[in-house]
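Data first, discussion second: the structure below is written as structure tokens.
By letter and in written order, the chains are A, B and C; residue numbering begins at 1 in each of them.
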Amino acid sequence: MKRTIPLVLVFTLGVIYFFAGFFSNSFSVNFLQQEIYANWLKIVGTFAIIMSVTSLWRRNYIKIKRKAPGYVYNYIELIGMVVMASFAVLLPKVNIGAGMVLGGIEKNSVFNWIFMNIQVPMQATMFSMLAFYIASAAYRAFRARNIEATLLLITAAIVMIGRVPLGENIYQAMSGVNSHFLPEFHWAGIFDFQGITQWILDIPNTASKRAIVFGVAMGGIATSLKIVFGIEKSWLGGTE
Amino acid sequence: MNFFKWLTKIDRRWVYLLMAFVVAFPILTNIKGTIKKPSKSAVKLFKYIDKLEKDNTIMLTFDYSPDSLAELNPMSKAITYHALEKNLRIIGLAPLWPTGGGLGLDVIQSQVDRFNQEVVLKSYLDEIVDSPLIKKYRETNKISVENIKTNITTVVTAYYESDKKTIEVNKKLFDIMEKNNLFTKADKDKFKLNGRDWSYFGYKPGFSSIMLGMGKDIPKTIVNDYWGTPIIKHEMFNSKTKKVKSFEDISIVIDFAAGASVDYLLLYVNTKFGRPLGAGVTAVMAADYYPYIQSGQLVGMLNGMRGAADYETLIKQPGRGLNAMASQTYAHLLIILFIILGNIGYLVTKKGDEK
Amino acid sequence: MRLRKLRVILLMLILLTVPIFSEKPLEVKAIGDLQLEDYKYDNAASIILKFKLSPDDFLSKLKLSKDGILRTSEMLPDGNMVEYGLLPNGTVEIKKDGTTKNVNMTDLESPIRNDLVKFYHIYFKIGQIKEPFNAEEFSEFSNISTIRIAKNIYSYKAKKDLSIINKFRLPYYKTDDNYYYIRFKGLDDLKKSYIEDFENKIKVKKGELTFENKKNTIKKEILKLKEKYINNKKKLKAEKDQDIKKELISLKGEFNEEVGSLKSKLQELKKKKIDKEKKNEIKKEIILLKEELKKAKKDFAITFTVAAESKEGMETYCELFSTITPKVEQINLDKLWIFLFSIGFIIIMLLLYNSAKKGKKLYVRAIAGLSAVEEAVGRATEMGKPVLYISGISYITDIQTLASINILGQIAKKVAIYETPLIVPVNDPIVYTVLREVVREAYVDVGKPDAYQEESVFFLTTAQFAYAAGVNGIIVRDKPSTIFYMGSFFAESLLMSETGNQVGAMQIAGTASTTQIPFFIASCDYTLIGEELFAASAYLSRDPLLLSTIKAQDYGKALIMLLMILGLTLELSGIHWIIYILQNIPD
């Protein structure tokens, strides 16, 4: 029974929504797609957030209780959560001087100050780490092991030059040389890194992306149908 | 031989260190890059916005969080500034990410303030700052010329928007200006006012219902703006001749994205409601969206920092984007250098192994 | 077996409900010389018309003037006169706003005879009319704000011209060869405002009849005022203020004033009291109005006229009329091809499923990344270190996340058998609740419910890079021997996988996010590319029934490839119908 009810629900709703996609009457557009679906998601989302926060507390609490390695960080996480939540929701909106307000999430609130001066730089730092990681990953991965790898390597180098002003400068310099040396051939064209980069992005990149997208789309349809028809039951946890 | 082997296994910390130096150096010494030929997709977007007429409305959606702020803020600021210059009306919204709510406001507000101060009020400010009363006020309170200009702009904006809170904060300055009829000298029509020339909604939960609703009726769907004022009270949404009612009245939607939002917006804005969509995305995910530019589903796209630099070049307002171009150039060169070194090491050691 | 029967019954029931929600199709009458070929409704608020228009439709109005030039003049809605004429030798004279311009036909960007009709203004008039077009009459209606002026763009060039698109903010539909499609929007509003007019009239009439009700309401109001007055009195007395007397007096005055005005209203009403004859008259009027409202609701129609404007700024009108009734089209035939393809795909899948059920063996090629899963879990068990599973950072609505959930179901079972610790930090609250259940059930399924630890699946944060930072922390502290990245990833992918690479974990990634695939390839041991992610759960379970769906996927792809080759060949040989059919599919 615990398995049958979800399967029946999934099948019924799956079929209804499949047909709803092909109808354009207000029942399918406004009621099924907007009222039911959007609101359902909101309700489920709200409860899921409650569960998630509980999970977060639980995990941190267990780690602190066990004094697991690095449990200081768990303290920081919990304190951070309580502090931010209380500034945003609990504390009153009182002026505390210097144009700041204690509670609330307005632009001049303490919450916003912490957000802009602690959260923003921390997250920006995480993102900027990407530059370092890309450098080291590229250094390790781009080796001319075979023809394909070599092609990839050359393409990467061209795109990297073509994406920055340097590419334009090289092309301009080479065009200058071209006008003096063998002007009847436009051999400087091979130094048009920006143009070549654009071509790479527009043609081979798009072609490969589309090929993958076709496969992904088929896979997506198959996965949905597997779930709707109850062939796949892993999402229920295991088979019957 | 040992040296070449080392080349294949340079410790990643050396790579990190050099990278940090190469990126930081141009920023710290303020070396600026220049762009002669902006990329195609950026030019497309620029041309589209540039051809819009006065009082057309563009919608900017902010789907990023503080982490990608450094990459996406320059381009969103450039586009906002361009829209202000073209006298377009701006609507800001963060449909997907709660964190986008504050960031988007920061972008639009800063550009509106900048525009009001540097363009609309320029001659007025020069005149008013030198007037004896203001001079006296400035000297007694020890405020620099730059700051007093900003303050006056704020007060004038608050006066036109009848924003009581801001007036309360700047009461002294406000009183001086009101007593001496200084407000009347500013040109209200050219001034960019919240509610008339721009409106900001902030984060609105329930993406699909919001999008579907905006296709029919924006004031009914959004109800309140970022500050909790019902947007139907704004001139932008209740004017008789040029009100914004639904997506149909929006000339283009531009999404600044660090996640999957462009895909979602393509579905709603472009496919469902047939409105043009532009995008500004982080460089890591830009390659995903070139097919949509080809198919015309995206009007144009700004690709990471380079996109911002392109746009800044196109609107002739150099900013952070161009500043970062030098860093990016050196960083790319460094990566290429490392790839070459690694390959030299790899090829030499491979030959050695074969022998 | 019981479930299967239930499914068939459910499907039948759902299909039966379709006619219940359907409405009757609408009628379209063409008046005048407009040939309406077809029409369709794309959603509740718009209609798309398809009609044929030959340039001669409006040129037929031209009369030969004295000087032997074909010339006529028209009044524009804004009051401007426009003259247009066609010279036999091919010169066109355009007059607008008092200036005259002689343009050689060859100088125009495109031959005027065919391109004069560039796009159309549609002016609405409510109700069915049959008289010829009168510009002045229509100008009134074009000012109604709820009515949108629809437009259509004729040529490809015009389509690209932004100024035209922006002049008429509606999305153009499309034209091909001789047909013109026009999209109307806001028809719903139009109908509402029209019907509301009637309803308001009826309300007013009814109001005249029911003055008795009004009397009662006024009496009630007086009572309310009295109560309020007494309450205020009590409050004031309780406060024992010095100025009480003054305030009491003013209160009494206010009260008397209000009551007085209400009473005078009552008297006015009494004067208006009407006799029975008049009552009957009003009743009759109401009945008539109601009938009209019924009619309006039923026969509500819009008559429209098409106006043409050339790129050179000349504007003219042609007398093309049609009456349409706005209603919603039930089935979106634009999506017919998608529907057929989907049904075909479902049939193929179910056929393969059945043949697999009968025991037919299906060949599925080896996928290196998935074959390594067993080894990866085994490695973790040997080393006594945990397995880390990252399910992507997208929502539950993302199909990649669903695939990831299925894969975790399989991996969790393998992990549970060896009792290896499993760590699943999750990015989205809804995904978290699902994953928790999946893992728990997997442990129950292999008979080791005790080995399941509640905190092995936990919510981390929804913020993208904070999540990456959190995962990196786990990787560095717990040093998992195996890390799976399955699902939808964005810029954070490399941050996590590089850290995993640094601690020397065995990493298997799978994503359909094309931009992240290269990062995973650079930093992981195995990467599932694109659809391999969707095949993974079937592949891991080795269940022949599940494997049959992969086969269906392949057939679907083969069909797409076939269509592409066919389309390419046909297109190159100048046959365009396949492109036409495929392009008819909405994006």
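Keep this in mind: a contact is a pair of C-beta atoms (placed from the backbone, for glycine too) under 8 Å apart; a residue touches a chain by one contact, two chains touch by 3 or more.
Everything quoted here is computed from the prediction, not taken from an experiment.
Graph distance from subunit A to subunit B, where chains that touch are one step apart, equals 1. With A-C and B-C as the two chain pairs, more C-beta contacts join A-C.
Centre-to-centre spacing of subunit A and subunit B amounts to 20 Å, using the average Cα coordinate of each chain.
In this assembly, the C-alpha centroid of subunit A lies 24 Å from the C-alpha centroid of subunit C. Averaged C-alpha coordinates give centres for subunit B and subunit C that are 27 Å from one another.
Annotation for subunit B: residues touching 2 or more other chains are 12, 65, 67-68, 284, 287-288.
In subunit A, the residues touching two or more other chains are 41, 123, 126-127, 130, 134, 136, 138, 140, 209, 213.
Contact of a single residue of subunit C with at least two other chains is seen at positions 463, 465-466, 491, 514. Within the complex formed with subunit A, the residues of subunit C that make contact are 3, 6-7, 10-11, 14, 18, 21-23, 41-44, 328-332, 335, 338-339, 342, 345-346, 349-350, 353, 397, 399-400, 402-403, 405-410, 412-413, 426, 429-430, 432-434, 436-442, 444-446, 454-455, 457-460, 463, 465-466, 468-469, 473, 477, 491, 494-495, 498, 501, 512, 514, 517, 519, 521-523, 529-531, 533-535, 537-538, 541, 543, 545-546, 549-550, 552-553, 556-557, 560. Residues 4, 7-8, 11-12, 15-16, 18-19, 21-30, 41, 44-45, 47-49, 51-53, 55-56, 58-59, 62, 69-70, 73, 122-123, 126-127, 129-130, 133-134, 136-138, 140-141, 208-209, 212-216, 218-227, 229-232, 234-239 of subunit A are the ones touching subunit C in the complex.
Considering their complex, residues 45, 145, 148, 162-163, 166, 169-171, 185, 393-394, 398, 463-466, 488, 490-491, 502, 513-516, 586-587 of subunit C touch subunit B. Residue ranges on subunit A touching subunit B, taken from their complex, read 33-34, 37-39, 41-42, 99, 107, 112, 115-116, 119-121, 123-124, 126-128, 130-132, 134-136, 138-140, 142-145, 153, 156-157, 160-161, 163-166, 168, 172, 194, 198, 201-202, 205-206, 209-210, 213. By the touch criterion stated above, subunit B contacts subunit A in their complex at residues 10, 12, 15-16, 19-20, 23, 33-37, 39-40, 65-71, 102, 105, 169, 205-206, 208-209, 212-213, 283-284, 287-288, 290-291, 294, 303, 306, 325, 328-329, 331-336, 338-339, 342-343, 346-347.
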